[in-house]
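Letters A, B, C and D name the chains as they come in the text, with residue numbers starting at 1 for each one.
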């Protein structure tokens, strides 16, 4: 995991309407551009009239000579086949901003996994509407910005936030960030804001979900990581998991158990996003793990 | 599991307000009645002013001589301490009726586990509003009753059902029974009707939940077993579990995956009910496993 | 899952040394033979000098016209690229023989999943060295052969077994079959005999593993499904799982818990084998699920 | 979880031969000493001639007045009933020393859970045969001692270690400590040294287990936490868990996956030890969770 990143490796994600020969077309295209395919994943929703999704990792033996040309030619191929596509290299790590409020579990998990090399990204900054987590962030050498938010200052706060992010961040992780982002803000980072929230069976809508889960005697506590859309907590799901609990758990114990599921689910979602393993189609995801 | 049932064993379930010395009181009571405690489980919600729940398994060396007296004296103890209590012996197996519609997975799982001795109960009868599952039931030597139900005949059908159950059944399992029982019917079997239903995070209320779970791209499919109350699907939860799914699952695959979780969750819930391991308090359960 | 099998669908499994352009080569080959790729999975052990594994599901619009030619031409392609390959169609279901001794859980699970359509295969026969399970097999309309085995009659029994299997069976499932097959027998079904056995952490070699697991107080009980090789219990692993247990489980309870894991692990392994989702390479498997 | 510890609470663990009335005896004893039982767990191996294990949490309304007397009288009760017993209060947190070598995952998990209050203990010191982890320990304000060990200096190093521990430590956690403790050292902390090690099904004895697990294509990677005895990796098991892996995991990936299981399994084991939820009997544990 800590191994030197392969500097000649790139990843291509493609979504397009199903068409006979599409795999030949794409693999021939890559071969012509001196790309050696290392991993090829594909999913078809319906062989007759559906969508096809591909994720291809490949090495370019002479990266500098061929990458730009490949990227340029992809535009043409993409148009021809009505593709949504995304090409990225392992030369530069993705840069994330982490938004937090006061709870530290998810934040710490992300910092750890970045340090250990499990999440191959950089944390450009942490932004919070509170100052509580400053110390544990700054001692890791990560910039921490305190941007308080109230109903009156929300617009201004988001403007300030966008200025901080400008040119420094590829995606955002809401690691238990207890503020709702505006549609304008979200539109700047389509499918590039990852949120984590607790999940229950059944769902407990409204305030104090852990108290209500406790009162209902649930046997499982869950968490869901998803991309943020304007529909609160309703964006495409990236990962989910649960943990088993018993009648001996207090509402507070449930919360702690929940925070463990949350941090792992979020860490997986972020790692997959960073490694370009997620394709969003409509309101769902294809995860090539 | 198939071992001969201990004919001298009984189980006592108690719920009562917390009171200092309550464990001494109960254990002394049992000792005075020549009961040898084999397993003692207890749970306190709040040592100051909460409820205490106990489950005690014990052997009576001279069962015939002492059981009736013990039962009689429990009434007095129960009144004194404001107890809800339940005493049962392993001399007689609990008798269940299974209600089904057309799907066989949960039904078959229950039949199997009863045959293998994992669920220490008897299946007195299977009742269905359809005839589809008759053969696989009757070949096991279990009576199968077909009671069709329509909006007009519902009252009549429930009356007929109650007549069949009369004196022959201790509890009911709804093993994917696609009819809603009336409050009158439910009131005849308080905390003695177990239902199983699929569960999702998030919840998908309304028709075709599997199609909607598919469209949302959920990563987990779950199931919840609970006691039936008048509040549809909202009774005390006995057991829950989930199974992991991927984008490759069709809506139909999700349904099949769901049926596997359902049958195991239901089997656990029924086994615990049969072994008197469940205490219901308000809308939640204490499970002494 | 119960949907009509696609009569025009085939599956191609390939293992060969890594070579630039291999994916183009294979996808072009299929395109030239009018094959429309529905699912394409690939795994490379090492892009420089490793092995590449592929699983391709495809539809042939005019199956009868093109399948034989495709199969014929694959021989040439296979030789050219030093491929091990396997081509199968969904026109004919794989036929399995199930070998059992006295325990029924794994056998019943397989029968059920075949009936429900989850395992898309046929059970041609059940062979046992005992008569205990005859009734539950025959009532499903499946032939049951009793072939007793002793040290003296082993050779003869295997010969008789091979005669029964001859031309009627594509693979064998040892569903808790308590006899060891001879190397000669195994060599007739390379990577086509699936076994299930219990697994513990740590391993308990020798007699009475459940008693020893009980004495050691293990917290997990596991099962492993694998292809049978001459190295007892050491063939390529197809699937594994565990179940959580506590100090309250007796050795007998551990055994029952174990039988639940065993049957599910075995059912998954058989389903994947039937759907050509398993490639064996050396002593390990690549599972394309 | 971060709530103020209840200063009037104590926990009593008892192991003794089964005897009719033993629960009455113990609960009456506690009642006579003004102890209000908050949680009572019990397990009997065999009601006829087995062992009985109890864990009792209780509050003393006037702790200072009654605790010493209760403790004194327990000696007498213990002798009378041939009990092994252990009494502890929540007034003082248990103090642990963590032994590490170079890997940080388990260490960091323990530090975090102590800080968050999930593990209600104190970390008195970290001892390592290397200096690699000094910084992340010292910045938490925890003393870090570097005690190098070679074959020649082992005795001396253990002596030095014992001096450091003397009077400052209640138990030891080997958080991926790659040295073997001598029997003399272990005898100083009976059932008070917790170790974590990776576990596989099947077991891979000897060097490079992850490489060998990779070569065998295992589908699960596990971890076991246990008390250290002279029998290497064979002491009483406290907790175990596994994580699912696939053919895409390199040996290095397996190691990372393993480190996640290890840290959670170890954290649970330590938490249970700290909360006096573990009774050791022979080579197995009873865990009252």
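Following the convention adopted for this analysis, contacts are C-beta pairs under 8 Å (C-beta built on N, C-alpha and C of every residue); 3 or more make two chains touch, one makes a residue touch a chain.
These are the chains along with the protein names UniProt gives them: A, B, C, D = Formyltetrahydrofolate deformylase.
Please read all numbers here as calculations on a predicted model, not as lab measurements.
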Query raised in the report: If you tally contacting C-beta pairs, which pair wins, A-C or B-C?
Result: A-C
Report summary line: Per mean C-alpha coordinates, the chain lying farthest from subunit A is B
Query raised in the report: At what distance in angstrom does the C-alpha mean of subunit B lie from that of subunit A?
Result: 42
Report summary line: Cα centroid separation, subunit B vs subunit C, in Å, comes to 37
Query raised in the report: Taking each residue of subunit B in turn, which ones touch at least two of the other chains?
Result: 43, 248
**Report entry** Chain-level touch network, classified as line, ring, star, complete or other
**Finding:** complete
Query raised in the report: Which bits of subunit B are touching subunit D when the two form their complex?
Result: 20-24, 27-28, 30-31, 36-44, 47, 59
Query - Partner subunit D, residues of subunit A touching it in the complex - result: 1, 3, 104-105, 108, 112, 116, 118, 139, 248, 252-253, 256, 289
**Report entry** Of subunit A, residues touching subunit B in the complex
**Finding:** 43, 199-203, 215-220, 222, 224, 233-234, 236-237, 239-242, 246-248, 282-287
